[in-house]
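You will see subunit A twice below: alongside subunit B first, and alongside subunit C after that.
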Partner chain A sequence: MSTGAAPTASAGPAEPVARVENFSLSLVRHGVRREVLHGVDLSVAPGEILGLVGESGSGKSVLALSLLGLLPDASRPEAEGRVSVTGVDMLRADERDRRPVRRTALGAVFQDPMTSLNPTMRIGRQLREVTGADDTSVGLLDRVGVRDAALRLSVYPHELSGGLRQRVMAAMAVARRPRLIVADEPTTALDVTVQAQLLTLLRELRDDFGCSVLMITHDLGVADQIADRLAVLYRGDLVELGPAREVVRHPRHAYTRALLGARLSLTGERDPRFARTVTVADEPDGTGGPVGGGAGGPVGGGAGEMAGDTTGEPRPARSPAVTISGLRREFRVRRAGVITALDGVDLTVDRGAALAIVGESGSGKSTLLRIVAGLETATAGSVRIAESTSGHGAQMVFQDAGSSLTPWLSVGEMLGERLRAERLDRAASRRRVVETLALVGLDPDVVGARPAELSGGQRQRVALARATIVPPAVLLCDEPTSALDASLARSVLGLIRDIRAELGTTVLFVTHDLAVARLMGDRIAVMRAGRVVELGEAEALLADPQDPYTRQLLDAVPTIAELDERPAPLEGGTA
Partner chain B sequence: MTQLQTRLTGLAGGTRPATRTLGVHPTVRFLLRRLGAAVLLLFVLSLVVFTLSTIAPGDPARAYVGANASNAAVAEARARLGLDDPFLVRYARFVGHALTGDLGRSLRTRHPVTADLAAFLPATVELVLTAFVLALVLGALFAVSGALRWPGGAVGRGVLLLLATAPPFLLAIVGVVVFFGSLGWLPAGGVGDFEDPGPFGMQALDSLLHGQADAWADAIWHLALPSVVLAVAPAVAVGRVLRASLDTVLGMDHVRTARSKGLTERRVLVGHVVRNAIGPALSMAGLQLGFMFAGVVVVEQVFSWPGIGNYLAASIPVADFPAIAGVTLVLGAVYVITNTVVDLLQALADPRVSAT
Partner chain C sequence: MSVAYAPRARIRPGSIGGVALGRPVSWLLVALLVLVTVVALAAPLLAPFDPVQPVGGLNLPPLSPGHLLGTDQIGRDLLSRTLLGIRVSWFSALAVVASGLLVGGVIGLVAGAAGGWVDTVLMRITDLFLALPGALVAIAVVAALGPGLLHTLIGVSIFWWPYYARIIRGETKALAARPHLEAARLAGAGRIRLVTRHLLPGVVPTAVVSASLDVGNVVLLLAGLSFLGLGQAAPAPELGADTARALSQLLRQWWVPGVPGIAVLVLSLVANLGGDGIRNLLPARR
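Entry: the complex of A and B
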């Protein structure tokens, strides 16, 4: 375990900036004291970028807060060992000694740029708290790539995009030329293209300011791109530590290998369950399809790839399950006038097919889904959902399963609620609930549980069960896995695939992740600024993108060079 | 008004072209909308008050001329008071007069209601505002001592909570029994033994302006018990809301950011916590100020406080409609104005309020 004790991978003779020695920590959460870190040994050398990877709950954020000396009092931390930054004990030293370390030697960039800046204070004042003068702030904002820096000083955080806010955070973090920047998942909430820019920025700042960076991430691709050394945390244990290239390419610990295996990439072989073809046998062509096939017109924004379905060979036209034509949605915003979220979208999805809609935040992909779900109304255009024997209507699975489940209802009540229209008796209803739970891979025991008692993955499974207990004609998924760890995400994605096979449901899957889109969609539609810029069969589109924007998106995906280029099984060879 | 607008605009809206668009500045528009709503509310209030008076039992004409007057005298009084005119005419006359400061003549005191209000309102305002400031201070202590876990704070909070659970009249009576009856520390009632030197009709304020130390001390001595009685419930209401939002804001990401900058805890609190936490407490304070103007009726009676509460209490049994309407309008206006001011303060505290 304590692999880090031996200074095998130490970068030179210089004194480390931060040192974590035999550090164990227990915290009280929900009234229960649990040890979250067990004897971690780690040090950050000057000028080094140390990657720290692990799934949620592995203790990586707690380690970051320990380095900053900001463990929340409310969770009554009890620590053993030592955590020191520039020689100051950040666990036990007096607050009067720790604060100056934060002030001069540390900088921090946190995960969520939407909440990490004070919403009621102008950017300029928030910067001035660390720079001392507006001129310095402007220089810094210029440096981190914020255009019109002088003008930005007077705006509030809500007037900036997520990427800009994270740049402001980075500017604040480097303002006092710290020895160490603690970056806790700084790119997780950002679009891929913005993520790529921010990673470049962090590396440049390291080079310019000569500071070290502790880069916490759950994405091995990100870690591989930016880190010199890589530490892997698993349930509070430091299981692996070494040069990043080495750890990523020749993982020694089983957990690191599992982490790599769970990683979704653009080129890795599709998992057999994902490759399984979906058959819609019970659906004779054209049955009960009230929608004229010609309604869609030319589909997509002119990108010519109209390959009918998963295979390129011509087949008799299937009846569309969803027909979206000329869809427009405008929002009137007081200051900005009219914002066009959807600018004439035409799409058709065949019965039983799956379409993945990819785009960055603000591209209109979620608005599109919400209109199909009937949660929002279109300004113009139409959406038609054909009734079918496999189900009717549209059901939606949301990104944040935690907040999309009613907190005071049990799982059984939430699922039973949807059966009310069918007027089943108690036993029959109960049977349906249990069957559906089995379909999403949940134990019947969870019937009585409330959302708070479930894990993130379980919640998303409940959300899926709720959406499919009365089979919908169309299942709408709005980034259902983006809040989940890689391995969990993978299993939930597989589950959606299984449900689709089982029920013959048509799926519209919105995601910002091209690798997820590749797994989930027979076809992929790329959206930008309210338009579909490219539409095509999944593999073909990714192999040979036509639109420059699609190419830009593809280039921004963090890849692990040797691994992702080889279409070999991920776990091969190295063990 | 205009000056206030300019100031608010400067504070909340920003001065950069980036935040400006065509036409009226959003903050000004927000202000105008709130003020428009306030005026509208006052009109609705006046209509309600007036309608109630017309359907309420009791004949104001008879009340005016006295129970023993002849029917002819009552009819003559009705005509003279304009009570026979159609509803809308009477309402229009009522509003027209009210706008020029004429709220009619009290049937009981035979003075113009405006003059009565001018005589009784200052004492009430002095009592309520003193109690309000006290409530804010106590509420802030309640919240901050809890959120920052001050040692010993729990005891103070417990006492305050206990006091706030008692109804004000009981608290007032017990207060008089204990502090006047048993201990003899505080007076039983009244505003003080000194002549008010003017100009506001508020003992404490006026004596302070005239530099009369003993008169001021006497006024404060008389204010102490009624204002505490009036303050405890609002203090707990405001304190609880503020405590909850302080707790929430202290756990927010941006506070962690502020701490990671190495700011002192005081600067974190003042710069990053208070302003984000103050919104709900402001709403609650506005609401409570309104309630206090209503609740003051009971407290004034117990302490023989010469304010509009006592005036109202005397007017209701004799169906003195002009007096009741006058007091109601004034209290309603105070309520509406308070809440409008609170809205504006919130817009100042949080730039997102006026932006949406």
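Entry: the complex of A and C
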């Protein structure tokens, strides 16, 4: 739902709250001075929500910091033009003049509330610094939708969930009724349902307190949903500025169009290569032993029956690549007793098929993946990975490619490590490495590069190359694109699909994004609180969700009404 | 697809493009460290006289002809004695730190990587050694084994490794929590390979920095023990012992105890400055 053209009563010719005039800025990074913003002109009217869209590195966050007057001295900023908030020059005015502006006229919500809140101070004390009294704090927390607000005052930030922390940040940001809230990707780290709540909250704060909001995001759906006007930043240039509906529906600049094109929606075209029929030739399966099995041991009886039982799936049971049955995982926590992360999960993935597992943080989806990978053991139940000639074992692509690569090893060394078992000679192994790099779209040059010298997208490609250089029986993907920009994410997702088409790999893909799940999975499993609440063919499931939770997830996805209109349901297919 | 390298996240030693402020100074400090090591190595060649034999007048002041730093109470050349003394002090200190690093490093790495009861047992043993009063243990060991440089070094090494064990265990544990270890495990790296390839190189910078900052302390400690008579036997040149023997001359001929004393000061200073230099030059990880 778009409410882009929300109350326009405030859009009068009033004096803008913040004004950015012909603003150019250069910063020193890694010893090199570079211009990060070029002649940006922008203003935020009272009561207006201005969306600021752009990829990472486009200068969005630097612009936000400039408005707050918090550019890091260490990068020796040099600015031209003017950035003023309520008439005070935030670039050059004396710190004594800027501080009151920050205190009274500005509020900030950052992407990661954990690093913005003081981890050693209870929430109540941190709020009291802004509100002055606990009563006011409680009222404020109520206002931003924190339940049991009075109880929350005595906890530390780490005891709150991400959504709650972000709400506390929002409460602190609005406590002094600022004229302008600067929100820098406040929802990027949040689940869709929490994101929807936070967006609603920001809009309500605007309506109730009349404050302006500068909303920085890389998600056009989010921007369309909340912003009155939209500014698009591309490599430090303001390439487009206009009413949000207008910009999103009739983008003028090529970059905006590209950004829109990179967006994953719930209705875009899926990959025609993966029609319903599984293309991989049947292979005689040498059934592998159980992996990560706990007390359960190998499952007796037909795995096919199991699949039939639990999924009610019409497809005839063909040799499954992965069979998960009755999987339970409990964690013992000192104060809370036992936490059940997985509460009896049964799933099967056919050879060459892809299953996407969707759920919010804490739903147990990552734990499930880790048990399949053998990185954790199950409390009960078992996981079977069928060995086949097309690959063996499970390989995993982690969420954060940067930290899943060994910092001091080169790409070639890391890929070569997986080839050790094959006992290839130097030349053959080198050839294999280069081939695999080509498969993931990387130049042979990167063989000698270390992870720190690669960009985020390149690192994720390297991780993917490592996982597939020896084809695995099942490729596990744990939100591999959630840390990437839309266009990068799209290319990496495309790559995983290419690899699947090329190698016929079975894929288990965990994500919190329904659009990604639909793109990557033939089937989708929706998880909540350690259970699979719904399982079905991707299109059918999204077209006609049975479980209320699936419906709730679907409703929370920010969509651009006119662009994401559903064509006639694709149900059924041609099988 | 062309390869666009992202800017290096940190500057590594040797990169020419990224010479930041302070790096030349750091290199200078490290050069100082190298210089001292070279002097220590070449001491027998540099020394103008035999350090043990009387070669000139008694108690000649510094800058006397032929004797740059003067002579001592029995006419031995102070420059030669000091150079040889530096050699003994410097290499003894390096030996103690190296042995500590080796023993402590292995224990810390094993404890940190293995975790569980292995970690507990190794760390409690480490705690036990940490609780020993260091200098007293050294004195006791030397008393038991008899005087001599080797025995002093053994005595000091016994209680020097636990520091490294602690530091390296902590660093290993922090590294082991990173996803890259799980990724490497999945990639098929065995236990030994995990430790040597995916853990050890990450621990080395910390180990090197803490060790290099420690050399100065060991120089001081050894000089102190030697001052108390727990070092080499009498005629051999040794900074601490030379200072101690000539202490009664401090007011009349200050240079006789003063020159070796100042040498200890300079050594320990250079070791600390050099350690700082190394710390600045090594890339900060993560």
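Just so we're on the same page, the second predicted complex is superposed on the first by the 510 of 575 C-alpha atoms of A that agree within 3 Å, B and C clash if a C-alpha of one lies under 4 Å from a C-alpha of the other, contacts with A are read in each partner's own complex, and residues count from 1 in each chain.
The working rule: a contact is a pair of C-beta atoms (placed from the backbone, for glycine too) under 8 Å apart; a residue touches a chain by one contact, two chains touch by 3 or more.
Owing to the predicted nature of the structure, the values given are computational and were not obtained by experimental measurement.
Of the two partner chains placed by the overlay, only subunit C lies in contact with A:L442; subunit B stays clear of it. When the shared chain is aligned, subunit B comes close enough to touch A:H158, but subunit C does not. Of the two partner chains placed around the shared chain by superposition, subunit B is the only one that A:V130 touches, whereas subunit C remains out of contact. When the two structures are aligned on the shared chain, A:F110 is found in touch with subunit B, with no touch to subunit C. In the superposition on chain A, A:R99 makes contact with subunit B only, not with subunit C.
Residue contacts after overlaying the shared chain place A:L70 against subunit B, while subunit C stays out of touching range.
Of the two partner chains placed around the shared chain by superposition, subunit C is the only one that A:S455 touches, whereas subunit B remains out of contact.
When both complexes are aligned on chain A by C-alpha atoms, no subunit A residue touches subunit B in the first and subunit C in the second.
Interface residues of subunit A, counted against subunit B in their complex, comprise 68, 70, 72, 74, 95, 99-104, 106-108, 110, 112, 115-122, 129-130, 148, 151, 154-156, 158-159, 169, 172, 182, 334-335.
By the touch criterion stated above, subunit C contacts subunit A in their complex at residues 1-11, 17-20, 178-180, 182-189, 193, 197-198, 201-202, 285-286.
Residues of subunit B that touch subunit A in their complex: 14-19, 21, 26, 251-254, 256-265, 267, 271-272, 275-276, 349-352, 355-356. Residue ranges on subunit A touching subunit C, taken from their complex, read 29-32, 373-375, 394-396, 398, 400, 403-409, 414, 417-418, 420-421, 441-443, 445-446, 449, 452-455, 458, 463, 466.
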